[in-house]
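Chain lettering (A, B, C, D, E and F) follows the sequence in which the chains are written, and residue indices restart at 1 in each chain.
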């Protein structure tokens, strides 16, 4: 099963937070994994966007992304410069076309992306763009789409059927949890201290908690969007 | 029952795909049917919108719309130039005001429009604008609103309660299916080959499939948004 | 991939209607498939249940089940005598324990069963019992659970998020559709004339309709309940 | 439009509470309206059912039902003796068969019944039985099904998508509200004092409240279950 | 219990319509209440926004807001100039940052804001911005968030689980209903005549209607978004 | 705030699993807490119920319940003998009347009970019975109702809006987690080994996991059913 996997993330580190353990496991099992990161992940710190001023931090973050994905076994990281936390200022069509280009390049069998109910506007937009870019027409390479959770975005929206993350696909990452944690360490600038959901310890607890529910030691949880087989 | 019907569509051909058989039947039974098409339906093919470059194709498409609606028995087609697949770059209020103007002109009893859960951003926006334009205040002419499906947009979103098309209103189009198919043929540039959902044969199968579920030969399916009687 | 599959159906013929094409394909690809049919499928015709009176019809139906499953390539059919369309008169726990016993015998990797939103009370009960019988504890063999639709039950409930069938897992049955149809022919007593949803032609149209939506020639549609991998 | 209407209610008075104004209006406009009341509406007052002990109250209540429906213009009231608030002790199939018999007798075009999300177990069961009894097969007379609310049952369940009453069909009962109130007065034993939701004043307020939302003086609200036309 | 309350409203008068009775009661019981109004509430009357032209009306409306909130016992009203009914033309992040600033100033325990399913685009956007601005991190002051309904926006969207207002938190405003009505009278320019949902009489009926359902004389209804205690 | 709290649980130990930490905290803060346990919790182990055979285990379990609740600070435990995992064989009305009696005795302000979407049939039935027993009529003592999760039942149902536990009310149990764990130890016969969700370590992880999401050290999560204030 040498499948190709494409992870489509809104910001650097989302790909590790959302499915780092699964990436590491799939890569280890012989899949080719690619990561596409749409936004630069930095400029929302300012009241109005000033990409120039944040040039260096953006470069650092891209470097961290390279290193983290390297640890996971990802073959290639594609990065773009959509404005951090301001995807709603960009025509959705531009994001769709960007994803389509990479997708046609990679021809993935499996796509992982954000949950449509996330609080974060960029996550929502990414999901929507992926859905359009991967329409199930006759010769579409993409056969499986799953969405992942991002601690501190997915669980902080209103708890209702419209937004809640209700996973049905659980990947045993008992053997790759350590690799995920190592990859996350590369994202120094993004991590928080415990008990923040994006601290290393909290992320480990999350994997264990899903594990308990599903009878594994450590688990990443996903929602099946579509499987064609 | 000489009611007035207004169909509000995002793009040329949506009105036929979504409710062409019902239009033809209602027109045949003495209703006055009007079609409002909001977008030009062409310019999303380019990476950035260039209306000028696509002038001729837009004109052709408007001509096809005239002819197709003519076949269905529509009294008048209103067309506007909102940017194809980029309705999110326009203030929602502009679209609302556009619909309101036509609505005040036509004074329809019944409105058909898109499903709010469609994958296509223009479809979603059209639905939202219609809902605001047709608020049920005291002297509002609109008494019934229904939403329709568009093959290859409605069924390709995430299958969840937030987006899924769950129709409850089924119109027998056994006698008008042929007219619908003929109208669609006018939209030469928009049709695809079987098995694409927007091929003539796939559209016929869709009508038969709803028919089987509801005990008719051919059926169009809608979701009741509001009936006041 | 020599996986074991268990199909849990409420009545004889549900297993073919719901996933006959998939059974045939999986069996052909080397899976071991088992069918468990809980109810006798006959006695609801009488105002009060009289199993004795219907003895012969029940026997005939079991014979048809054997033959149909044989055609699909099923290794073994387990049948029980829960009262047709009266599963609500039986303690749910009895049905759970019945499924558990067969499940422990077969040790399936994959389970297919009814959709919890079906109009038919036996279908609903079967789903619930399966969910309890296959809890994801540590050494549970069942790794995947999917639910299927049954034409003329699944689509005739109230169309709402509580009940609607919103599939996300689509199996290409282009090559096995013919086998499914042949298996269905064995259930002579259960088939209806077109345009009833349970006529041969309607079933074929249904497979083609899902195919159109998913880019295959013929498809069976399922909802992912849980995948652990 | 001389349509036939069948109202299927769980208990005496539900038919008036749920759709009394609509019955009166439709009857006034020339429809033939029939009422089917499934339960006796009394015996749940005792810890265990004692029909004999309550014989007289049951007879009184049936008399009130006759009188109330008479006021509304109903042609005939069918009553049965299913055990009050204990429909879960009866096989669902028995209730389905009862409804089927009356339905075949009346051959209604339109059916009104309870909301499936009501707190009351008999209301829920009635809805389910109606859905099965009125399946949309080819020669089925029933073309429209709507569900109604019952003050003090519909609004007292958990407020979630699974149970909430979200109406989309609004009938102007400005002219028949008075008749509804008069019919309710016949059910002396069932009414409560204001501010109980089943007091006359509260019921009037409810009709006015829906009216305000929909631009009428007084309104009854329903949920469209299915329209075939 | 001297808690601090922050009401976040999209337009002047929403704070009174949505939770005026609760504000008055809480203020009376010793809470400090603050109101934040994001939009100017006027310029959507023009086809394209002309703030200058509407300068005076905007000033009048702000004055009315001051007076109305004064009557309710609000300590301070913060107003901003986001474009009326055109919040979708502003980056969501700008609105988030605005709310965050006021929130850090006030340090509220409780926040009331719009329902995410409202038809009005500004209401929806306000809800989303509040959710991000009040994330439940460790030292966040906000412990409770509730959403309110706005007559003539909340009830006029499509009636589905995605949008419907299903309240679970009911505040007895029997004693403060009069104050709410008085505060509303200050918003002369915004009120409508009965039977419009935003007439004084309709608003009173609404409070009584929720009261009937919950056993109080007059009630405001809210949806619990989050309580941390 | 010396409020009265009633916990309604289906089986012995559910009250501790679901809200043990909250009970301990509320009792410590001066509330009077009562526990009502409906089922005997043992006899489902047999293929058909034999209460006599299990007499002693039932007595042991009741003793454990007494001890566990004692540790939590509960004033009184009411136990009944409804058949374990066979609540569907009892008329719902019997369970309602049982709860009503205790409720009238205790006159609680707050009720905690099961989540209606739990996989376990007794949990579901308990929720429904509580909702009817605590209808919000005028002089009803119950002002607040919340539902809790039970590890290994709540998370093992189909993950859909119909069943998923989406909490909105979070109680900080940092100080009482230890008491909860101690109370659980009394239920020796019910505990499982890690990684089963009902092991001591898994329960502790669960409390920490909700804590991380809500900014506390340890948390119990509930869904608000209704608050009247």
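Remarks
Here, a residue touches a chain if its C-beta (ideal position, glycine included) is under 8 Å from a C-beta of that chain, and two chains touch if they have at least 3 such contacts.
Here the structure is a predicted model, which means the values were calculated and not measured.
Counted as hops between touching chains, the shortest connection from chain D to chain E is 1.
Think of each touching pair as a link: the shortest run of links from chain B to chain C has 1 of them.
Distance from chain B peaks, on a Cα-centroid basis, for F. Two copies of one sequence, chain B and chain D, touch each other mainly through matching residues, since over half of the numbers at the interface are common to both.
When the contact pairs of A-B are matched by residue number across C-D, B-C or D-E, over half of them reappear in C-D. Using the average of C-alpha coordinates as each chain's centre, E ends up farthest from chain C. With centres set at the average Cα position, the gap from chain C to chain E is 51 Å. Separation between the centroids of chain A and chain F, computed from CA atoms only, is 37 Å. Each of residues 136-138, 156, 159-162, 168, 195-196, 213, 215-216, 225-226 in chain B touches at least two other chains. Against chain E, in their complex, chain B makes its touches with residues 91-94, 97, 116-117, 127-128, 131-132, 135-138, 147, 161-162, 225-226.
Within the complex formed with chain E, the chain D residues making contact are 151, 155-156, 159-161, 164, 166-168, 195-197, 202, 205-206, 208-209, 211-213, 215-217, 223. By the touch criterion given at the top, residues 44, 47, 85-86, 88-89, 119-121, 152, 156-159, 161-162, 195-196 of chain D touch chain F in their complex. Considering their complex, residues 136-140, 161, 168-172, 213-216, 224-229 of chain E touch chain F.
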